[in-house]
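Going by the order they are written in, the chains are A, B, C and D; count residues from 1 in each one.
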Amino acid sequence: MAKVNRSEMEEFLSKEFPQANFLIESFDEDSVTIRRTVTTEDLRPGGTVSGPTMMSLADCAIYIAILREIGLVALAVTTSLNFNFLRKPVASKDILGVCKMLKLGRTLAVAEVTIYSDGDDRPVAHSVGTYSIPPNK
Amino acid sequence: MAKVNRSEMEEFLSKEFPQANFLIESFDEDSVTIRRTVTTEDLRPGGTVSGPTMMSLADCAIYIAILREIGLVALAVTTSLNFNFLRKPVASKDILGVCKMLKLGRTLAVAEVTIYSDGDDRPVAHSVGTYSIPPNK
Amino acid sequence: MAKVNRSEMEEFLSKEFPQANFLIESFDEDSVTIRRTVTTEDLRPGGTVSGPTMMSLADCAIYIAILREIGLVALAVTTSLNFNFLRKPVASKDILGVCKMLKLGRTLAVAEVTIYSDGDDRPVAHSVGTYSIPPNK
Amino acid sequence: MAKVNRSEMEEFLSKEFPQANFLIESFDEDSVTIRRTVTTEDLRPGGTVSGPTMMSLADCAIYIAILREIGLVALAVTTSLNFNFLRKPVASKDILGVCKMLKLGRTLAVAEVTIYSDGDDRPVAHSVGTYSIPPNK
(Lines give C-alpha, C1' and ligand atoms only; values in the text may rest on other atoms or scores of the structure.)
Protein backbone atom coordinates (compact mmCIF):
# COMPACT_ATOMS: atom_id res chain seq x y z
CA MET A 1 0.00 0.00 0.00
CA ALA A 2 2.70 2.46 1.05
CA LYS A 3 4.39 4.16 -1.91
CA VAL A 4 7.68 4.84 -0.12
CA ASN A 5 9.84 2.41 1.82
CA ARG A 6 12.01 3.22 4.81
CA SER A 7 15.32 3.72 3.02
CA GLU A 8 13.72 5.91 0.36
CA MET A 9 12.18 8.03 3.13
CA GLU A 10 15.48 8.33 5.00
CA GLU A 11 17.26 9.40 1.83
CA PHE A 12 14.55 11.96 1.11
CA LEU A 13 14.66 13.39 4.63
CA SER A 14 18.46 13.69 4.74
CA LYS A 15 18.40 15.51 1.41
CA GLU A 16 15.44 17.82 2.07
CA PHE A 17 15.93 18.42 5.81
CA PRO A 18 19.70 18.03 6.38
CA GLN A 19 19.50 20.00 9.63
CA ALA A 20 16.67 17.89 11.09
CA ASN A 21 17.37 16.32 14.46
CA PHE A 22 15.11 13.32 14.25
CA LEU A 23 15.38 9.74 13.06
CA ILE A 24 12.95 7.14 11.87
CA GLU A 25 12.71 4.64 14.73
CA SER A 26 10.29 2.25 13.11
CA PHE A 27 8.25 2.06 9.97
CA ASP A 28 5.54 -0.49 10.66
CA GLU A 29 2.58 -1.30 8.49
CA ASP A 30 0.09 0.70 10.56
CA SER A 31 2.35 3.23 12.30
CA VAL A 32 5.52 5.29 11.97
CA THR A 33 7.70 6.10 14.97
CA ILE A 34 10.05 9.09 15.01
CA ARG A 35 12.81 9.63 17.56
CA ARG A 36 14.01 13.12 18.44
CA THR A 37 17.15 13.70 20.42
CA VAL A 38 16.46 16.33 23.06
CA THR A 39 19.17 19.00 23.20
CA THR A 40 19.76 21.77 25.72
CA GLU A 41 17.89 24.29 23.60
CA ASP A 42 14.78 22.07 23.62
CA LEU A 43 14.52 22.27 27.41
CA ARG A 44 12.46 24.55 29.60
CA PRO A 45 13.16 25.75 33.13
CA GLY A 46 12.28 22.95 35.54
CA GLY A 47 14.07 20.35 33.43
CA THR A 48 11.38 19.49 30.94
CA VAL A 49 11.06 19.33 27.17
CA SER A 50 9.42 22.41 25.64
CA GLY A 51 5.96 22.27 24.10
CA PRO A 52 7.15 23.46 20.66
CA THR A 53 9.74 20.65 20.59
CA MET A 54 6.98 18.09 21.07
CA MET A 55 4.72 19.86 18.58
CA SER A 56 7.49 19.86 16.05
CA LEU A 57 7.95 16.11 16.53
CA ALA A 58 4.22 15.49 16.11
CA ASP A 59 3.99 17.60 12.98
CA CYS A 60 6.99 15.86 11.46
CA ALA A 61 5.73 12.37 12.29
CA ILE A 62 2.42 13.08 10.55
CA TYR A 63 4.21 14.54 7.55
CA ILE A 64 6.31 11.39 7.15
CA ALA A 65 3.32 9.10 7.67
CA ILE A 66 1.41 10.91 4.91
CA LEU A 67 4.31 11.10 2.45
CA ARG A 68 4.93 7.38 2.63
CA GLU A 69 1.34 6.83 1.52
CA ILE A 70 1.03 9.48 -1.18
CA GLY A 71 4.63 9.62 -2.42
CA LEU A 72 7.53 12.01 -1.94
CA VAL A 73 6.54 14.57 -4.53
CA ALA A 74 3.39 15.82 -2.87
CA LEU A 75 3.22 19.12 -1.06
CA ALA A 76 1.10 18.34 1.99
CA VAL A 77 0.43 21.28 4.32
CA THR A 78 -0.60 21.18 8.00
CA THR A 79 -4.04 22.72 8.44
CA SER A 80 -4.64 21.99 12.11
CA LEU A 81 -2.94 20.47 15.12
CA ASN A 82 -4.62 19.66 18.40
CA PHE A 83 -2.35 19.00 21.34
CA ASN A 84 -2.91 17.62 24.84
CA PHE A 85 -0.03 17.70 27.29
CA LEU A 86 -0.38 14.75 29.62
CA ARG A 87 2.76 14.35 31.75
CA LYS A 88 6.08 16.14 32.18
CA PRO A 89 8.60 14.60 29.77
CA VAL A 90 11.98 13.60 31.17
CA ALA A 91 14.66 16.14 30.18
CA SER A 92 17.48 13.63 29.84
CA LYS A 93 15.62 11.28 27.49
CA ASP A 94 14.84 11.35 23.78
CA ILE A 95 11.20 11.73 22.84
CA LEU A 96 9.43 9.30 20.55
CA GLY A 97 6.33 10.03 18.46
CA VAL A 98 4.16 7.12 17.30
CA CYS A 99 1.92 8.18 14.42
CA LYS A 100 -1.15 6.34 13.14
CA MET A 101 -3.23 7.50 10.19
CA LEU A 102 -6.91 7.95 11.00
CA LYS A 103 -7.94 8.91 7.49
CA LEU A 104 -6.20 9.38 4.19
CA GLY A 105 -8.66 11.02 1.86
CA ARG A 106 -8.17 12.60 -1.52
CA THR A 107 -7.74 16.11 -0.14
CA LEU A 108 -7.46 15.69 3.64
CA ALA A 109 -5.44 13.40 5.88
CA VAL A 110 -5.96 13.01 9.63
CA ALA A 111 -3.48 11.28 11.92
CA GLU A 112 -2.82 10.93 15.63
CA VAL A 113 0.56 10.98 17.34
CA THR A 114 1.27 9.71 20.84
CA ILE A 115 4.50 11.03 22.36
CA TYR A 116 6.62 9.21 24.93
CA SER A 117 9.83 9.83 26.84
CA ASP A 118 12.21 7.05 25.82
CA GLY A 119 11.84 4.11 28.18
CA ASP A 120 8.46 5.02 29.68
CA ASP A 121 5.21 3.68 28.24
CA ARG A 122 2.97 6.36 29.73
CA PRO A 123 2.32 9.03 27.04
CA VAL A 124 3.61 12.55 27.75
CA ALA A 125 1.48 14.14 25.03
CA HIS A 126 -1.12 13.29 22.42
CA SER A 127 -1.78 15.10 19.19
CA VAL A 128 -4.22 14.94 16.30
CA GLY A 129 -3.29 16.73 13.11
CA THR A 130 -4.91 17.35 9.76
CA TYR A 131 -3.06 17.95 6.53
CA SER A 132 -4.37 19.30 3.28
CA ILE A 133 -3.22 17.28 0.27
CA PRO A 134 -2.86 19.13 -3.03
CA PRO A 135 -5.30 18.03 -5.78
CA ASN A 136 -2.82 16.65 -8.31
CA LYS A 137 -1.06 14.29 -5.93
CA MET B 1 -7.47 -0.48 39.55
CA ALA B 2 -10.99 0.41 38.39
CA LYS B 3 -13.30 1.34 41.27
CA VAL B 4 -16.52 0.36 39.51
CA ASN B 5 -17.35 -2.91 37.76
CA ARG B 6 -19.60 -3.32 34.77
CA SER B 7 -22.81 -4.25 36.56
CA GLU B 8 -22.39 -1.41 39.07
CA MET B 9 -21.94 0.99 36.16
CA GLU B 10 -24.99 -0.32 34.33
CA GLU B 11 -27.10 0.00 37.46
CA PHE B 12 -25.84 3.56 37.99
CA LEU B 13 -26.55 4.57 34.39
CA SER B 14 -30.06 3.13 34.32
CA LYS B 15 -30.85 4.97 37.56
CA GLU B 16 -29.25 8.31 36.70
CA PHE B 17 -29.91 8.42 32.96
CA PRO B 18 -33.08 6.35 32.46
CA GLN B 19 -33.76 7.98 29.09
CA ALA B 20 -30.28 7.30 27.70
CA ASN B 21 -30.17 5.38 24.44
CA PHE B 22 -26.81 3.73 24.81
CA LEU B 23 -25.46 0.47 26.20
CA ILE B 24 -22.12 -0.67 27.51
CA GLU B 25 -20.75 -2.95 24.79
CA SER B 26 -17.54 -3.92 26.52
CA PHE B 27 -15.66 -2.99 29.63
CA ASP B 28 -12.07 -4.06 29.05
CA GLU B 29 -9.09 -3.33 31.20
CA ASP B 30 -7.75 -0.56 28.98
CA SER B 31 -10.89 0.56 27.13
CA VAL B 32 -14.63 1.01 27.40
CA THR B 33 -16.93 0.57 24.39
CA ILE B 34 -20.37 2.17 24.21
CA ARG B 35 -23.06 1.29 21.67
CA ARG B 36 -25.68 3.77 20.60
CA THR B 37 -28.72 2.78 18.62
CA VAL B 38 -29.24 5.27 15.83
CA THR B 39 -32.86 6.44 15.56
CA THR B 40 -34.59 8.48 12.89
CA GLU B 41 -34.10 11.69 14.84
CA ASP B 42 -30.31 11.11 14.90
CA LEU B 43 -30.12 11.17 11.11
CA ARG B 44 -29.27 13.98 8.73
CA PRO B 45 -30.38 14.51 5.14
CA GLY B 46 -28.31 12.27 2.88
CA GLY B 47 -28.74 9.29 5.18
CA THR B 48 -26.00 9.89 7.70
CA VAL B 49 -25.70 10.11 11.47
CA SER B 50 -25.65 13.70 12.78
CA GLY B 51 -22.51 15.21 14.28
CA PRO B 52 -24.17 15.95 17.65
CA THR B 53 -25.21 12.29 17.93
CA MET B 54 -21.59 11.21 17.58
CA MET B 55 -20.40 13.97 19.92
CA SER B 56 -22.91 12.87 22.49
CA LEU B 57 -21.63 9.29 22.24
CA ALA B 58 -18.02 10.43 22.63
CA ASP B 59 -18.81 12.61 25.63
CA CYS B 60 -20.73 9.81 27.29
CA ALA B 61 -18.01 7.20 26.65
CA ILE B 62 -15.40 9.43 28.29
CA TYR B 63 -17.69 10.10 31.24
CA ILE B 64 -18.16 6.38 31.85
CA ALA B 65 -14.45 5.65 31.43
CA ILE B 66 -13.60 8.28 34.05
CA LEU B 67 -16.30 7.31 36.53
CA ARG B 68 -15.18 3.71 36.59
CA GLU B 69 -11.73 4.89 37.66
CA ILE B 70 -12.69 7.56 40.19
CA GLY B 71 -15.97 6.12 41.47
CA LEU B 72 -19.62 6.91 40.92
CA VAL B 73 -19.92 9.82 43.32
CA ALA B 74 -17.63 12.26 41.52
CA LEU B 75 -18.96 15.15 39.52
CA ALA B 76 -16.69 15.22 36.48
CA VAL B 77 -17.40 18.01 33.98
CA THR B 78 -16.39 18.16 30.29
CA THR B 79 -14.00 21.05 29.69
CA SER B 80 -13.06 20.45 26.07
CA LEU B 81 -13.88 18.15 23.20
CA ASN B 82 -11.97 17.98 19.94
CA PHE B 83 -13.65 16.19 17.09
CA ASN B 84 -12.50 15.01 13.67
CA PHE B 85 -15.07 13.64 11.28
CA LEU B 86 -13.39 11.02 9.13
CA ARG B 87 -15.99 9.13 7.08
CA LYS B 88 -19.74 9.21 6.57
CA PRO B 89 -21.36 6.85 9.11
CA VAL B 90 -23.89 4.35 7.82
CA ALA B 91 -27.42 5.49 8.69
CA SER B 92 -28.84 2.01 9.24
CA LYS B 93 -26.17 0.87 11.70
CA ASP B 94 -25.56 1.51 15.39
CA ILE B 95 -22.48 3.54 16.25
CA LEU B 96 -19.83 2.31 18.67
CA GLY B 97 -17.42 4.48 20.65
CA VAL B 98 -14.20 2.92 21.94
CA CYS B 99 -12.72 5.04 24.73
CA LYS B 100 -9.15 4.86 26.06
CA MET B 101 -7.85 6.99 28.91
CA LEU B 102 -4.75 9.02 28.01
CA LYS B 103 -4.33 10.55 31.44
CA LEU B 104 -6.13 10.37 34.73
CA GLY B 105 -4.71 13.11 36.92
CA ARG B 106 -5.91 14.49 40.20
CA THR B 107 -7.84 17.35 38.62
CA LEU B 108 -7.84 16.61 34.89
CA ALA B 109 -8.59 13.53 32.81
CA VAL B 110 -7.91 13.18 29.09
CA ALA B 111 -9.32 10.40 26.94
CA GLU B 112 -9.71 9.56 23.28
CA VAL B 113 -12.71 7.98 21.61
CA THR B 114 -12.74 6.32 18.21
CA ILE B 115 -16.19 5.96 16.67
CA TYR B 116 -17.23 3.22 14.25
CA SER B 117 -20.36 2.21 12.35
CA ASP B 118 -21.24 -1.26 13.57
CA GLY B 119 -19.55 -3.88 11.39
CA ASP B 120 -16.94 -1.63 9.78
CA ASP B 121 -13.44 -1.28 11.26
CA ARG B 122 -12.62 2.04 9.58
CA PRO B 123 -13.29 4.85 12.08
CA VAL B 124 -16.00 7.38 11.18
CA ALA B 125 -14.86 9.92 13.76
CA HIS B 126 -12.18 10.47 16.38
CA SER B 127 -12.45 12.60 19.48
CA VAL B 128 -10.23 13.73 22.34
CA GLY B 129 -11.91 15.08 25.43
CA THR B 130 -10.80 16.57 28.71
CA TYR B 131 -12.77 16.46 31.93
CA SER B 132 -12.24 18.46 35.06
CA ILE B 133 -12.40 16.34 38.21
CA PRO B 134 -13.58 18.06 41.39
CA PRO B 135 -10.95 18.34 44.15
CA ASN B 136 -12.55 16.15 46.80
CA LYS B 137 -13.05 13.14 44.64
CA MET C 1 -19.08 40.00 -0.91
CA ALA C 2 -21.72 37.68 0.59
CA LYS C 3 -23.64 35.77 -2.08
CA VAL C 4 -26.77 35.26 0.03
CA ASN C 5 -28.77 37.85 1.93
CA ARG C 6 -30.67 37.30 5.14
CA SER C 7 -34.11 36.67 3.69
CA GLU C 8 -32.73 34.27 1.08
CA MET C 9 -30.98 32.37 3.87
CA GLU C 10 -34.11 32.24 6.04
CA GLU C 11 -36.14 30.93 3.12
CA PHE C 12 -33.49 28.30 2.39
CA LEU C 13 -33.34 27.16 6.01
CA SER C 14 -37.10 26.90 6.46
CA LYS C 15 -37.31 24.81 3.29
CA GLU C 16 -34.30 22.55 3.89
CA PHE C 17 -34.47 22.24 7.69
CA PRO C 18 -38.17 22.69 8.53
CA GLN C 19 -37.71 20.99 11.91
CA ALA C 20 -34.78 23.19 12.97
CA ASN C 21 -35.22 25.04 16.24
CA PHE C 22 -32.99 28.02 15.59
CA LEU C 23 -33.37 31.49 14.15
CA ILE C 24 -31.04 33.98 12.54
CA GLU C 25 -30.58 36.68 15.17
CA SER C 26 -28.30 38.94 13.16
CA PHE C 27 -26.52 38.86 9.86
CA ASP C 28 -23.75 41.43 10.11
CA GLU C 29 -21.00 42.04 7.64
CA ASP C 30 -18.35 40.21 9.68
CA SER C 31 -20.46 37.85 11.79
CA VAL C 32 -23.63 35.78 11.88
CA THR C 33 -25.56 35.23 15.12
CA ILE C 34 -27.90 32.27 15.58
CA ARG C 35 -30.44 31.92 18.40
CA ARG C 36 -31.55 28.55 19.67
CA THR C 37 -34.51 28.14 21.95
CA VAL C 38 -33.61 25.74 24.73
CA THR C 39 -36.28 23.10 25.29
CA THR C 40 -36.67 20.56 28.07
CA GLU C 41 -34.98 17.86 26.02
CA ASP C 42 -31.87 20.05 25.60
CA LEU C 43 -31.31 20.15 29.36
CA ARG C 44 -29.08 18.06 31.58
CA PRO C 45 -29.47 17.17 35.23
CA GLY C 46 -28.41 20.15 37.33
CA GLY C 47 -30.33 22.58 35.16
CA THR C 48 -27.89 23.22 32.39
CA VAL C 49 -27.86 23.05 28.60
CA SER C 50 -26.35 19.84 27.20
CA GLY C 51 -23.04 19.86 25.37
CA PRO C 52 -24.50 18.38 22.17
CA THR C 53 -27.10 21.19 22.08
CA MET C 54 -24.30 23.77 22.09
CA MET C 55 -22.25 21.79 19.60
CA SER C 56 -25.23 21.60 17.30
CA LEU C 57 -25.66 25.37 17.51
CA ALA C 58 -21.97 25.95 16.74
CA ASP C 59 -22.00 23.58 13.78
CA CYS C 60 -25.12 25.20 12.38
CA ALA C 61 -23.80 28.75 12.82
CA ILE C 62 -20.64 27.88 10.87
CA TYR C 63 -22.67 26.19 8.16
CA ILE C 64 -24.81 29.30 7.68
CA ALA C 65 -21.78 31.61 7.75
CA ILE C 66 -20.11 29.58 5.00
CA LEU C 67 -23.18 29.19 2.81
CA ARG C 68 -23.80 32.92 2.73
CA GLU C 69 -20.30 33.36 1.29
CA ILE C 70 -20.22 30.50 -1.20
CA GLY C 71 -23.91 30.28 -2.11
CA LEU C 72 -26.77 27.96 -1.21
CA VAL C 73 -25.99 25.18 -3.64
CA ALA C 74 -22.71 24.03 -2.11
CA LEU C 75 -22.38 20.89 -0.08
CA ALA C 76 -20.03 21.91 2.71
CA VAL C 77 -19.16 19.17 5.22
CA THR C 78 -17.83 19.56 8.77
CA THR C 79 -14.36 18.05 9.06
CA SER C 80 -13.45 19.09 12.60
CA LEU C 81 -14.91 20.85 15.60
CA ASN C 82 -12.97 21.94 18.65
CA PHE C 83 -14.99 22.85 21.70
CA ASN C 84 -14.16 24.50 25.01
CA PHE C 85 -16.83 24.65 27.69
CA LEU C 86 -16.30 27.79 29.72
CA ARG C 87 -19.24 28.35 32.06
CA LYS C 88 -22.50 26.62 32.92
CA PRO C 89 -25.22 27.97 30.61
CA VAL C 90 -28.47 29.12 32.18
CA ALA C 91 -31.19 26.50 31.64
CA SER C 92 -34.05 28.97 31.31
CA LYS C 93 -32.42 31.12 28.63
CA ASP C 94 -31.94 30.75 24.88
CA ILE C 95 -28.39 30.28 23.68
CA LEU C 96 -26.81 32.51 21.05
CA GLY C 97 -23.90 31.59 18.80
CA VAL C 98 -21.85 34.39 17.22
CA CYS C 99 -19.85 33.08 14.26
CA LYS C 100 -16.89 34.80 12.59
CA MET C 101 -15.06 33.40 9.59
CA LEU C 102 -11.32 32.99 10.12
CA LYS C 103 -10.59 31.73 6.64
CA LEU C 104 -12.59 31.00 3.54
CA GLY C 105 -10.33 29.15 1.15
CA ARG C 106 -11.11 27.30 -2.03
CA THR C 107 -11.40 23.91 -0.33
CA LEU C 108 -11.37 24.65 3.40
CA ALA C 109 -13.21 27.13 5.62
CA VAL C 110 -12.38 27.83 9.26
CA ALA C 111 -14.67 29.75 11.61
CA GLU C 112 -15.03 30.41 15.31
CA VAL C 113 -18.24 30.53 17.29
CA THR C 114 -18.68 32.09 20.71
CA ILE C 115 -21.76 30.91 22.59
CA TYR C 116 -23.67 32.94 25.18
CA SER C 117 -26.70 32.50 27.38
CA ASP C 118 -29.16 35.19 26.34
CA GLY C 119 -28.61 38.34 28.41
CA ASP C 120 -25.11 37.52 29.70
CA ASP C 121 -22.01 38.73 27.87
CA ARG C 122 -19.63 36.15 29.39
CA PRO C 123 -19.22 33.28 26.90
CA VAL C 124 -20.43 29.83 28.01
CA ALA C 125 -18.53 28.01 25.26
CA HIS C 126 -16.15 28.65 22.39
CA SER C 127 -15.74 26.56 19.28
CA VAL C 128 -13.55 26.47 16.19
CA GLY C 129 -14.75 24.42 13.25
CA THR C 130 -13.41 23.52 9.85
CA TYR C 131 -15.51 22.66 6.84
CA SER C 132 -14.47 21.03 3.62
CA ILE C 133 -15.85 22.78 0.55
CA PRO C 134 -16.46 20.63 -2.53
CA PRO C 135 -14.27 21.48 -5.56
CA ASN C 136 -16.93 22.62 -7.99
CA LYS C 137 -18.59 25.10 -5.70
CA MET D 1 -8.46 43.73 37.74
CA ALA D 2 -5.04 42.72 36.39
CA LYS D 3 -2.50 42.04 39.13
CA VAL D 4 0.56 42.85 37.03
CA ASN D 5 1.23 45.94 34.93
CA ARG D 6 3.23 46.11 31.74
CA SER D 7 6.57 47.19 33.18
CA GLU D 8 6.37 44.57 35.95
CA MET D 9 5.68 41.93 33.30
CA GLU D 10 8.58 43.08 31.12
CA GLU D 11 10.94 42.98 34.07
CA PHE D 12 9.74 39.49 35.00
CA LEU D 13 10.14 38.19 31.44
CA SER D 14 13.64 39.60 30.96
CA LYS D 15 14.72 38.01 34.25
CA GLU D 16 13.04 34.62 33.83
CA PHE D 17 13.38 34.22 30.04
CA PRO D 18 16.51 36.21 29.12
CA GLN D 19 16.92 34.32 25.87
CA ALA D 20 13.33 34.90 24.72
CA ASN D 21 12.94 36.56 21.34
CA PHE D 22 9.62 38.25 21.86
CA LEU D 23 8.38 41.61 23.07
CA ILE D 24 5.15 42.87 24.56
CA GLU D 25 3.58 44.92 21.79
CA SER D 26 0.51 46.05 23.69
CA PHE D 27 -1.12 45.38 27.01
CA ASP D 28 -4.74 46.44 26.63
CA GLU D 29 -7.52 45.88 29.09
CA ASP D 30 -9.03 42.96 27.22
CA SER D 31 -6.06 41.68 25.22
CA VAL D 32 -2.30 41.22 25.21
CA THR D 33 -0.27 41.41 22.00
CA ILE D 34 3.15 39.78 21.67
CA ARG D 35 5.62 40.44 18.84
CA ARG D 36 8.13 37.85 17.78
CA THR D 37 11.01 38.68 15.49
CA VAL D 38 11.32 35.96 12.88
CA THR D 39 14.89 34.77 12.41
CA THR D 40 16.42 32.49 9.78
CA GLU D 41 16.07 29.46 12.03
CA ASP D 42 12.32 30.06 12.36
CA LEU D 43 11.83 29.67 8.62
CA ARG D 44 10.79 26.66 6.57
CA PRO D 45 11.61 25.83 2.96
CA GLY D 46 9.36 27.86 0.70
CA GLY D 47 9.96 31.03 2.67
CA THR D 48 7.45 30.70 5.45
CA VAL D 49 7.45 30.78 9.24
CA SER D 50 7.51 27.31 10.85
CA GLY D 51 4.50 25.95 12.72
CA PRO D 52 6.43 25.49 15.99
CA THR D 53 7.48 29.16 15.88
CA MET D 54 3.85 30.21 15.74
CA MET D 55 2.84 27.67 18.37
CA SER D 56 5.56 28.98 20.63
CA LEU D 57 4.25 32.53 20.19
CA ALA D 58 0.70 31.43 20.98
CA ASP D 59 1.73 29.50 24.07
CA CYS D 60 3.77 32.43 25.33
CA ALA D 61 1.01 34.97 24.70
CA ILE D 62 -1.45 32.91 26.72
CA TYR D 63 1.06 32.47 29.53
CA ILE D 64 1.58 36.23 29.78
CA ALA D 65 -2.16 36.93 29.61
CA ILE D 66 -2.78 34.53 32.49
CA LEU D 67 0.11 35.69 34.66
CA ARG D 68 -1.01 39.29 34.52
CA GLU D 69 -4.36 38.21 35.97
CA ILE D 70 -3.18 35.76 38.63
CA GLY D 71 0.20 37.27 39.51
CA LEU D 72 3.81 36.42 38.71
CA VAL D 73 4.31 33.72 41.31
CA ALA D 74 1.92 31.16 39.90
CA LEU D 75 3.08 28.11 38.04
CA ALA D 76 0.55 27.80 35.24
CA VAL D 77 1.03 24.82 32.93
CA THR D 78 -0.27 24.37 29.37
CA THR D 79 -2.69 21.45 29.22
CA SER D 80 -3.92 21.76 25.65
CA LEU D 81 -3.35 23.80 22.53
CA ASN D 82 -5.52 23.72 19.45
CA PHE D 83 -4.09 25.25 16.31
CA ASN D 84 -5.53 26.15 12.92
CA PHE D 85 -3.17 27.31 10.20
CA LEU D 86 -5.02 29.74 7.99
CA ARG D 87 -2.60 31.44 5.58
CA LYS D 88 1.10 31.30 4.79
CA PRO D 89 2.90 33.86 6.98
CA VAL D 90 5.32 36.25 5.29
CA ALA D 91 8.93 35.15 5.95
CA SER D 92 10.36 38.67 6.09
CA LYS D 93 7.89 40.01 8.66
CA ASP D 94 7.58 39.68 12.43
CA ILE D 95 4.60 37.75 13.69
CA LEU D 96 2.15 39.19 16.21
CA GLY D 97 -0.08 37.21 18.56
CA VAL D 98 -3.19 38.87 19.98
CA CYS D 99 -4.44 37.00 23.05
CA LYS D 100 -7.88 37.30 24.66
CA MET D 101 -8.93 35.42 27.76
CA LEU D 102 -12.09 33.35 27.30
CA LYS D 103 -12.22 32.10 30.87
CA LEU D 104 -10.16 32.54 33.97
CA GLY D 105 -11.39 30.02 36.49
CA ARG D 106 -9.91 28.87 39.76
CA THR D 107 -8.11 25.89 38.26
CA LEU D 108 -8.41 26.33 34.50
CA ALA D 109 -7.84 29.23 32.12
CA VAL D 110 -8.84 29.27 28.45
CA ALA D 111 -7.62 31.87 25.98
CA GLU D 112 -7.54 32.39 22.24
CA VAL D 113 -4.69 33.81 20.20
CA THR D 114 -4.95 35.18 16.68
CA ILE D 115 -1.63 35.40 14.84
CA TYR D 116 -0.80 37.92 12.11
CA SER D 117 2.16 38.75 9.89
CA ASP D 118 3.14 42.31 10.74
CA GLY D 119 1.27 44.75 8.51
CA ASP D 120 -1.47 42.39 7.30
CA ASP D 121 -4.82 42.18 9.09
CA ARG D 122 -5.78 38.74 7.76
CA PRO D 123 -4.91 36.14 10.42
CA VAL D 124 -2.27 33.53 9.51
CA ALA D 125 -3.19 31.22 12.38
CA HIS D 126 -5.65 30.88 15.25
CA SER D 127 -5.11 29.03 18.49
CA VAL D 128 -7.08 28.16 21.60
CA GLY D 129 -5.14 27.05 24.64
CA THR D 130 -5.97 25.84 28.12
CA TYR D 131 -3.76 26.20 31.14
CA SER D 132 -4.02 24.47 34.47
CA ILE D 133 -3.62 26.85 37.41
CA PRO D 134 -2.16 25.39 40.60
CA PRO D 135 -4.55 25.31 43.58
CA ASN D 136 -2.69 27.65 45.91
CA LYS D 137 -2.31 30.50 43.48
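Note that a residue touches a chain if its C-beta (ideal position, glycine included) is under 8 Å from a C-beta of that chain, and two chains touch if they have at least 3 such contacts.
Quick caveat: nothing in here was measured; it's all calculated off a predicted structure.
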Intersection of contact partners for subunit A and subunit B: C, D
Farthest chain (mean CA position) relative to subunit B: D
Separation of mean Cα positions, subunit C and subunit A [Å, integer]: 33
For subunit B paired with subunit C, centre-to-centre distance based on mean C-alpha positions, whole Å: 24
Two or more partner chains touched - positions in subunit C: 79-80, 82, 84, 130
Contact graph of the chains (line, ring, star, complete, other): complete
In the complex with subunit A, residue positions of subunit D that touch it: 16, 45, 50-53, 55-56, 59, 77-85
Subunit D-touching residues of subunit B, taken from the complex the two chains share: 79-80, 82, 107-108, 130, 132, 135
Subunit A residues within the subunit B interface of the complex: 82, 84, 86-87, 102-103, 110, 112, 114, 123, 126, 128, 130
